[in-house]
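As structure tokens, here come the structures.
In what follows, chain A forms one complex with chain B and a second complex with chain C.
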Partner chain A sequence: MYDIVEIVLNGWLGLNAPEWLLILLRHVLVAGVLFGVVTLQFFFLTIYERRAIARMQDRVGPNRAGPEGVFQTVADGIKMFTKEDIIPDAADRWVHLLAPCVVVVPTMLMFAVIPWGPGMVPVDMDVGLLFFFAVSSIAAVGLMMAGWASNNKFSLLGAMRAVAQMVSYEIPAVLSLLAIVMVVSTATGSGLSIVSIINHQAGLIISSQEVSSVPDLGLGWFVFTPVGFLAFICFFIASLAEAERPPFDIPEAESELVAGYMTEYSGMKFGLFYLAQFTLSFLLCAMTSIVFFGGWQGPGVSWLYNQGVTPLNPDGNAWMNVAAGVLGAFYFLLKTYIFFFVMVWLRGAFPRLRVDQLMSFGWKFLIPLTLVNVLSAAIWVMLTRWGAAQGAGFVEALGPANDSFARWGLAFVLTLAINAGAYYLLVRANAAPGMDEYVRVDDELEAVKA
Partner chain B sequence: MTIVIQIIFALIAMLILGSALMMVLAKNVIHSALWLIASFFGVGALYLLLQAEFLAVVQVLVYVGAISILILFAIMLTRAADLAGETGRQWNNRWWLSLAVAGLLFGALIVPTVIGETWNVAPTEVAGAAAGQATGIAGAAELGRGFVYEYLLQFQVIGVLLLVALIGAIVIAYDETARRRRVLTLAEELELKKRQEAREAKEAKQSRKGKGEKPLPAPVPTDTLSKGNEGNEGNEGLVVR
Partner chain C sequence: MLTNYAFIGILFVVALSFPLLPLIMAFFLRPKRPTTIKQSTYECGLEAIGDVHVQFKVQYYLYAIAFVIFDVEVIFLYPWAVAFDQVGLFGFTAAAVFILMLFLGLLYEWKKGALEWI
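After this line comes the complex of A and B, so read on.
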């Protein structure tokens, strides 16, 4: 795709453009396409969420603008643009103005490392996963700016809550991804690259990278392993909190804080916050589907891609690339929308948590669980990959590294036992004070009766 | 290509220096903190220009995402009352002293580098690195290798320190709950209140019967105050006494 610019400018038009201009144009082009995609995703997701939640709450939802209300977001956008932009008198004008931009820009930047299909990634960074989280943490600064600059108690409280929530839930999110990164980087050497995480998930239930005789149907997802499953659950919960989705929408709890840090924003600035939230939800769903559900991996994609033009196979059929891209993007978006639906579903199903519940859940349940999961990942790597060279010769009795069902099975059973045990212990440890309290209240009642 | 890189470098350097200067000159503490964040960000961009992707990303993750948030939190929580009217300049009449100290420190760092480093390396040596054959020096893999071979002890010590901090936070959180009473629902509160009233009435009756012998006071749960805040402003006020 990047070569197209060079062919058009230097080949067809004969402009002899310098290299830096070509590189710049390529990136501008890709970025432009991505911005269009982001806006369309936003339009689609808004109407999707509103209709879905309306159906769950036994309402109709917006269905007037266009067929089935698909243009409702456009109408909302026009409304936002034509509204008066109110800046409170006591607000810090510049910080108030900059805050929505600081919140939106990182969510846009995060698209730079999202692969849409085989070979369809804007930038394949070596540290793509880390980039994703580094950039997402910038948004916290924007929230803080918004809350402070509004000079409003509700805004400041909302911002404090939002930032505390984002910072503390980043830890379980990153720790659960760390387990995956450990598994992938022993296989490929660059586990932080999102592309290599996806490539690792070829196979059928079992990853072909771990047992190489497994056929590649694009179904060797991490979610089928105990390590990946636990990481998936923890990551999804943490991403709910990070995107401030219900039941973790405490920073903007309407009944307590009006609209949290967005209270003093109107018009398009409010719209930008809204855009950032939806885009972040989409991105976190995308990340869930990429890391744990194989992203574009699915039956047929890698077969199609191998027929096409690849670095290994320069004279393949270019139409096969297109077919692989379309099929891969289809699988990827399908998984992502399913996760987005789960987010909407949770919004319809659960009441909002309290702040202390949120914090104790994050710190006392998710973080210990993900720490144990990192240990499981280490055991997994040892059992599936290591041999005598790494000082683990005893596992070689079961079979050679990377090609033994017995070793995979042993790793599966062992990590499942560890993770299930950790889950059970943590549930007990966290439930204990509450149950004691019930018992105590009952004892008091008995004492009164006696 | 070099001229473009130089222009980009100049822009980034201007961003870093300009925002660092504004950080010192800004009248408002929060503005200072925000300018500092801009400066951190510029340093990250500089790392990216040096093709040290990992360092750049970590710079953003740690400095912009964590440390500056900590700074903002600290400022907002400690001086919330007079922040809006904050007008004092950041310097006092001993600014020259701090300027001298900062200049000396900077000189101590930069002078050995300037003298000891070989500048103007021939382009041929760099060309091999650009083509991708030569090993990088600041990638995740290289840094990791350095950690587990050359600097193993330091790395282990820091790793244990950070892990202990993380686990310590969890332990403290558990400790707080053990001392804190579960938050009751409204129905449970009413039930408890009813029971206590019934018990008090009963005890009052007993004490009247028992010839002025004073009964022990009702075992009211004492440790119900919101001791454990867990680092956030919770709805602890809902806890019943």
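After this line comes the complex of A and C, so read on.
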């Protein structure tokens, strides 16, 4: 599959191309395919969101261009291409032009480390997770450039808010993944590689003993551990804010700021901001499904993969590898689209937050909660995996509980208690004065009704 | 290993064409009819008064400073998390003290009102 370049150049055309050219052309081919897929995704996601949100708001939504409006995005694209590009006289022309590019390019680069299926990984970097977040934070520079160059009060205010929001919510997002990295890297030695995070979730692992008889139904997914569950909730909320999805779309709150940093943009430049936002939403949904829901894992994938060519089984059927890849990509996209639906659903369900509520939610709730979750993860790893090598007397201190299932259960209960306690304390600490009174009024109303 | 980064480099070049190609295509397709009114700064139909680059709330900068501190903290914690098995109980204690100190710092900021949006 991967050597299609070699077959065409050396076999069909008989060119006898050098090795570096083959590698280069392979990379270019993969990059091209990747961007084709990204474009298709964007076309699908926009129409999907518009139709879904329309249903939630009791409307029909765009349904004229093509059957059920599937070509609406194409029509929008044609409009974007032919719309006049209005640059205000006061704007800084070059920075105004550069800003959408600075936002789009890192979003595209993040696709480099997203695995689609077994064997369908563009790059399995050993620092994949770090790369993902390092690149994602570049977009904030582009937003600030857009706001500053537009020379408009709405734009600048929107950009300031966008950057403040993005940097604030980056910390809980990265911290919640830190807990997962800790669990994976103690088990496999490379917790920052996204493929090893997925592989670690393949079977149910109880205190380093793999329970191999468990069917491929996702019992090993991180969302089913107390640490992973809290990390999942925090990460998903933080990624809503990172992608500026409602209810966190304060930078472009149309009732306050017209369109935020996009106010002075029109035509294709506006379209590029729109593209970057949707692609970022997709990427963060994909990351959620990879890290917490096993990515490509699903019934049948590992069976198909083991039938194919693997290091253990060099003369397997290569078509089985392809089948495993396609099935894995299907499960991965299914999970990702479910999360994208949740994003749309949240947009339909919640009103927009105020800017002060947004900031205090990030700093006073999510960051302390994720910090506690990191300690929980440390306790989880200590209780489930540590032996005499890590601390003298550690195993003896456990006493009669030194049994793999007992240690696993102890870790489960303890981390659940710590996380639930931290959640309760933070809710109390963040409670608005007089919240208890409201609760009491509600209780009285219920009593009157009953 | 090195080819991984080579792929990132190629992806970067291809990704550059992703915004540039539509912009260049749109440059040839779109009409260009600028007028003074059209090119004026948008302000809900009113004329814009005063300079854009005004003073901003100090809260933005306080959040930025807090972000720098916490971002560095996260970068320090990642190697610890990856090598958690090797550093043992001593490493855990050291990291716990580190996290606790930053937590106290966050608490101090909170009580001082640096995280309030006034």
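Throughout what follows, the second predicted complex is superposed on the first by the 392 of 450 C-alpha atoms of A that agree within 3 Å, B and C clash if a C-alpha of one lies under 4 Å from a C-alpha of the other, contacts with A are read in each partner's own complex, and residues count from 1 in each chain.
Throughout what follows, contacts are C-beta pairs under 8 Å (C-beta built on N, C-alpha and C of every residue); 3 or more make two chains touch, one makes a residue touch a chain.
Note that the structure is a prediction, hence the values are computed from the model and not measured.
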Chain C versus chain B on the shared chain A, clash or fit after superposition: clash
Which of chain B and chain C A:140 touches, first, second, both or neither: first
Partner chain in contact with A:167 - chain B first, chain C second, else both or neither: both
Which superposed partner A:264 touches (first chain B, second chain C, both, neither): second
First, second, both or neither for A:315, with chain B first and chain C second: neither
Touched chain A residues, chain B compared with chain C: C
Partner chain in contact with A:19 - chain B first, chain C second, else both or neither: first
Touched partner set for A:95, first chain B, second chain C, both or neither: first
Chain B versus chain C as contact partner of A:58, first or second or both or neither: neither
Listed stretches 115-123, 169-177 or 205-213 of chain B, narrowed to the one that overlaps chain C: 169-177
Overlap of the chain B and chain C footprints on chain A, listed as residue numbers: 90, 125, 130-131, 151, 156, 160, 164, 167, 170-171, 190, 192, 355-356, 359-360, 363-364, 367-368, 371
Residue ranges of chain A touching chain B (in the complex, touch as defined): 19-20, 90, 92, 95, 125-127, 130-131, 133-135, 137-138, 140-141, 144-145, 148, 151, 156-157, 160-161, 163-164, 167, 170-171, 189-190, 192, 354-356, 359-360, 363-364, 367-368, 371, 429, 433-434, 437, 441, 444-445, 447-448
Footprint of chain A on chain C - complex, ascending: 3-4, 6-8, 10-12, 14-16, 18-20, 22-23, 25-27, 29-34, 36, 38-44, 48, 52-54, 56, 59-60, 63-64, 66-67, 70-71, 74, 77-78, 81-85, 88-89, 92, 95-96, 99, 102-103, 106, 110, 115-117
In the complex with chain A, residue positions of chain B that touch it: 1, 4, 28, 30-31, 34, 37, 53-54, 57-58, 60-61, 64-66, 68-69, 72-73, 76, 80, 83-84, 139-141, 166, 169-170, 173-174, 177-178, 180-183, 188, 192, 195, 198-199, 202, 219, 230-236
Touch list for chain A against partner chain C, complex: 23-24, 27-28, 30-32, 34-35, 80-90, 97, 100-101, 104-105, 108-109, 111-112, 122-125, 130-131, 151-154, 156, 160, 164, 167-168, 170-171, 174-175, 178-179, 181-182, 185-186, 190-192, 258, 263-264, 267-269, 271-272, 355-356, 359-360, 363-364, 367-368, 371, 374-375, 377-378, 381-382, 385-386, 389-391, 394
